[in-house]
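Letters are used for the chains, namely A, B, C and D, taken in the order the chains are written, and counting of residues starts over at 1 for each.
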C-alpha cells in the first residue's frame, strides 16, 4: 500500500488536493481573534465560502490553537492578537472574544486599517460603540456586528412579512428564550440571551423603542441576574417584551409577532416549520366615543408555514460581510445596529437595578 | 306505548325518579346569582354533589333563566336577586355576576346572613374586599372566593411539592397565559387572566410579594389593556412574572416553578401529564467573596410526571364550601386570599399606567 | 319570592318557555333506541337542530331512562323498543345499541316503515347489511349509517383535497389510532377503532380496496384482539394501513395521506390545526427501463393548515339525515357504505385468525 | 508574526501538538473501507476514543478521499480496498460500503485475519451471514455488526427495563419510523429503516420471533418498496409491528413497548426525554372460563422519564469493539445478531411479494 498522495500523483490529477478553488486577487484574507465558543464557527464559515480565506487565528489558550491546527493545518496560529494587526496580508478581522475585550481589540483593528466583524454584543458600553462607529467612518472601513439571527431564513422571512405589510400594523413582539444555561460571570442573562431578540427586533420591526422597563433577579450571591424581563415601549401602539432565563427546566425559543392583519409564531426549536403565519385577528366595529358600542369580533383563517431558506445563517452573514468589503455597501447589521442593541442592554440593566424604573433610550440620538 | 312515568309507577320502584338522594337536615340550600358564563357551572356543581341543593337562580336575562328551567325544572327562578336575600330557606349564596357588581350584592347577602361564594376577582377595589371580610367576620359567616384553579389536582400537587420542600427553596414562578380571547370592556386582561396566576401563587408560594411592576398596552382606543406583563417582587430570592395576552395566535397556559432542588413545568393544556417535575438545577461551588472561583455546575436527572387527582376542580371546591359552612372552618380561598389578589390587580393596573413604576403592596397590612 | 313561571306569566311573555320554535308539518319525529354511550349524543343532536324532535327514547336500563327524563322532561320513555315501531307518530328511528343487536332492530324498524339511522358498525355480518339495504330499497326508506367522522370539517376537507386533485394521485392512507381503551367483550379492536378509518377511507379515497391482510393479538385469554394491524390493497398504486390498539400508554389519532403532489397530516387531537397540507413530494426523472438512471429528487415547499368548518359533526350529520328524509336523496353514508365497511371488518377478522392471509373483498359485488 | 509551531517550540511544551495520548502496544490499528454516508462517523469515532487509531481509509471516489485528507492528514488513503487486507499493521477493519458488497469484502477481511465491524445490514442474504460467522469462529476473530441504536442510552435503558422485569411481561413492540427519505435503488425501505427496529428488538425483547407477515408498496416503477409494514409473531403473547415509509411528510421515530406492569414510549426525536415510562396498564379479574365475568380495569399512575446516558452511541460501540478484540469477549451485536436481522429482512421481503403471506423464520436454527 502506498500513501494516497504519491499514488494519486502518479495516476490522477492531484490538483484536487491542492487548489480546490483558484485564488483570485479579490479573495479577502481574514484573521480571527478568539477560538473559544464562537470562533470555530467563524473560521469554518469563512473557510467554507468562496471569496475569503482565514490566514491567521489567535487565542491565548494553546489547547484551542491545537484544535485549529488539527482541523486547518494551513492556518497560522499565534497567542498574540497584535500579530494580526501588523500583518499586511490581513484585510479583515473577526473578533470572537469576551464582550469586555471587544472595544480595545476593535479600536486597534480599525486603527490598523482592518475591516471588522465583531461578535455580539458589540461592546459593553454605548460610548465605546459610538467611538468604533466614528473610527470606521473616518477610515471608510466596514464595521459589522455579528447579529447572527438576522441572517437566518426564519428572521428574514419575518422581516419580509412585516416590511411588505402582510401582517398589517405591528402590535407586539413577544419572545420567550429560556433554558438551563451557561451562567456567565461577567454579564447578566440579558447580555447573553436578550441580545438575540434585540438584534432581531432591530432588523424586523418598523420603528425603534423609546424606553425600556426591566426587572430581574440573581439567584447566586454577587453574580449577575440569571432571570430577566424586558418591556420595550414604542410609538404607534407597539410594545415588545423579552423573557430570558438561565435556570429553566425546559428550553423554549418562541416569539409571537402580532399584527393587525396576521400573527406570526416563530419557534426556533421546530426542526422544519419554524415560522407559522396565522390569519387571525380582531375586527373592531363602533366608534371610540361610545365605549359600549365597541364590538370586537374575532377572525380565524388558514395557518401557513412558508418554506424558509435553510442556508446556514453564518454562511449568509460571511458572504454579506465580503460583499460589503468589496462593494463598500453598509452591512445590514452595521455599527449603528450594534450600538442600538448595546444602548438597550445598558438601559435595561439600569432599569433592573431600579426594579422596573422606565429608562429613556434616545436611540435616534445615539444612532445619529 | 305509555308515558314512562305512568309505566314505571305501575311496575317498578318509581322513587328513583323522585328522590335521588335522601334529604337530611344538613343539606345546604344554595341560591345562585348570575347565570351567564360561569353560573351554569356553579349550579351544576352544587346540584351534582351530595349535601347541597340549588333552590333558586336569579338572572336579569330571561333567556338564561329559560336554560335553567329546561335543565333543572325544580329550581325556582327570578329576575330579582333581592328575592334570594329574603328567602329564609337559603343558607348560602353564590355570586357569578360581573366583577363590578360583586361588592354590592355580596354585602347585601352577608347582611342577610347568608354564607357566600364570590366569583373571582372578589371585588374591583381592595377597600370593598376589606369591608366584606369585616362583615363576614362580624356575622361569623363563611366568605369564600371562587379561585377555581386552587382546587385542581395540578395546583394542589404543586402546592404539596412546594410545602414539603421537594423542590427546595422557591426561586421563581413564571407563567404565560395567552390566547385569542374575549376582549372585555370593563376590566383589562390582568383582571381576566392574571387573576388565575395570582390566586395560584397565593396558594402555592411560601410568601407574599411586597411590590409589583407591570407594563401593558391596549390596541383598541379607549379600551382596557389587552396585553400585560407583571413582575412581582418577594423577599428571599424569589421573583414571579405573569404574561397575559388576549391577542395571541396560539393558546398557551404554561407555568415554570423553579426551585433550588427541582423545577416544575405545569402545562394546563396537556391532556394528561400537566405537571412535570424535573430533577434539574445548579450547584454553586466556591465562596461568594471570590467572584472568579464561583463555579456553577448543572445537574440533570429524571423527569417525573406525578399522577394527579382528576376530580373536577369545581366539585372539590363546592364540597370544600359546604364543609366550611358545616364545620366553621376557614376556606382555603377565603376573603383574605381574595383581598390579596385584588390588591395586586389594583397595584398592577396602577403600575401599568405609569409604565412599570414599582408599586408597594403592603399585603401584610391589607390582610391583617 | 315566587316561582318564576308564575312570576313571568304575570309580567312577561312566558311563551319563551313553552314553544322555543314553532312546530311545522315538516318536523321529523325521531325515536331513539339505546341510551348508553352514544345515544345521549344522538338525542342531543336531534333535539338541538331545527326540523326534528325526539319524541321517544327506549333503553332496557332504568337508570339511563332516568337521565333522559331529568334532561328532557318532554320525551316519552320506554323499556321496550317495540313501542317505537308501533308508534305511528314516529317517522324515523336511530339505533344506538350494541352492534350485535343492530340487525334485528333495524329490520323491524324498516318493516314498520321507519327511516333509519344505525350506529356503526352497521351490522356484525355483511349478509345482514345486504338484507337491510334490500329492505330499505323495497320500501323507499332512508337507510343511513352513523359514520360520524365523515361529517367532521377535517374529513370533509381531506375529501375535497383528494376529489379536486390538489394532492394529485393518492399514494397511501396510513392511520394510527391507539389509546388505553375500553376493552370490549363482543367485538375486537378493529370493529371498535378501525371502523372509523374504514368509514373515512370509504368517503375520501378515490377507489375501494380489493383485498385485506391483517394481523393482531389478544392479551386476555378468550377475549377478542386488543391490538390489530390492517393492510388494504387497492388498484393503481394505492395502499392503506390501519393501526389500532386498546393497550397503548399514549393516545394517538394521526393519519397520513400521501399524494403525488402534496401530502396531508390529519391529527385529530390537535385542538385547532387538525389538517396540515405539506407541499412535499418526490419527482422521478429517467426511464423505468434503466434502473440506474432513475433519479428521485425531493420537493419541499410551504405547509398550510386550512381553516376547517368547526360545526359539530353530529349536528351536520343529523341535518343531512333530515334532508335525505325530506328530499329522498341518498345519504353520503348510506347502507352500501355501511356494508363495505362491515365487509372489510369481516374479512380483516378472518385474516387475523390466519395470521395475515390475504382475503379478497369483492366490494364491487357486495355493493352492487 | 511567526508560525505557531515554530513559536511554540521555542517557548512552550510543543508536545501537545505531537502526541496527544501516549501510544501503547495495545492500540488497535483500524482500516475503514467506505467513506460515503456512514464511514466518516466510524473514522471520527475510532479517531476520538483512546485505544484505537485509524491508519488507512479506502474509497473508490477521490473526492471522498480528499475529505479524509483535509480532516485527518495523517491517515493513509487508497482507492483499492485490497491494500488494507495486505497491510500487516492493520488489526481490524470496519466496512461501511453498500450492503451488496459486504459479503465479499468481509470474507476477504476475515480470511486476511482481521477483526471485523460491518455496517448493517450485515449482508443481503442469510447464507452469506452464516458463512461469515463460521469464518470468524474458525479464525477466532471478532465479528461485530454495527447495530448502532443498540448502543444508545435510550435503547440500553429499554433493555434494562425489560430485563429487570420493571415493565412485567412484554406484550408488544410497535414502531413507526417514517420520513421523506432517501429512496434507494438496491434495497427496499425495510432494509434501510426496519433494520434499526429489528436490531433494537433483537437486543431488547426476551425472545425471538417465529414468523413474519409483511406488506408494502413501491410508488416508482421497477424500484423497491418505499412503504412497508411488518408484523412479527412471537410465542407467549408477544407481537411486534414495524411501520416504515420513505414518503412521509413528517418525520416520526416512535416506539411503544407495552408490558403487563408498565408501558414505554420511546421517541427518538425528543431532544431530552426520549424514554417515558408510564405506570399504566390493565388488570383482569374473573376466570377465563366465564367470558362475561371477565372485568378489565385500567390502572394509571405516574409517568417517569429516566435520565439517559448521553454518550454518543458510536463512541460506546467503538469502545465495545476494542474491548471485544482485547478480551476475546463476544460482542453484544455479534454475527448471530446480524444474521437474525438479515433472516427477518429476507423473510419480510418474501412476505411482501406475496401480500402478507406468513413466512416462518426458524431463527433458532439459523443462529445455532
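FYI, contacts are C-beta pairs under 8 Å (C-beta built on N, C-alpha and C of every residue); 3 or more make two chains touch, one makes a residue touch a chain.
Every value quoted in this text rests on a predicted model; they were computed, and no experiment measured them.
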Per Cα centroids, the chain farthest from subunit B: D
Interchain centroid distance [CA atoms averaged], subunit B/subunit C, Å: 40
Inter-centroid spacing, subunit C versus subunit A (mean Cα positions, whole Å): 53
Averaged-CA centre spacing for the pair subunit D and subunit C, given as whole angstrom: 43
Residues of subunit D whose C-beta touches two or more other chains: 300
Chain contact graph, described as a line, ring, star, complete graph or other shape: complete
Residue numbers on subunit D that touch subunit C, as the complex places them: 171-172, 174, 176, 178, 180, 183, 185, 211, 213, 215-217, 219-223, 227, 229, 231, 233, 237-239, 241, 243, 245, 247-250, 256, 258, 263-265, 276, 278, 280-282, 284, 288, 291-292, 294, 296, 298, 300, 351, 354-358
Interface residues, subunit D side, partner subunit B - complex: 272-273, 279, 300-307
Complex interface listing, subunit D residues touching subunit A: 1-5, 7-8, 12, 16-17, 20, 56, 62-63, 65-66, 69, 71, 73, 76-79, 83-84, 86-87, 251, 269, 271
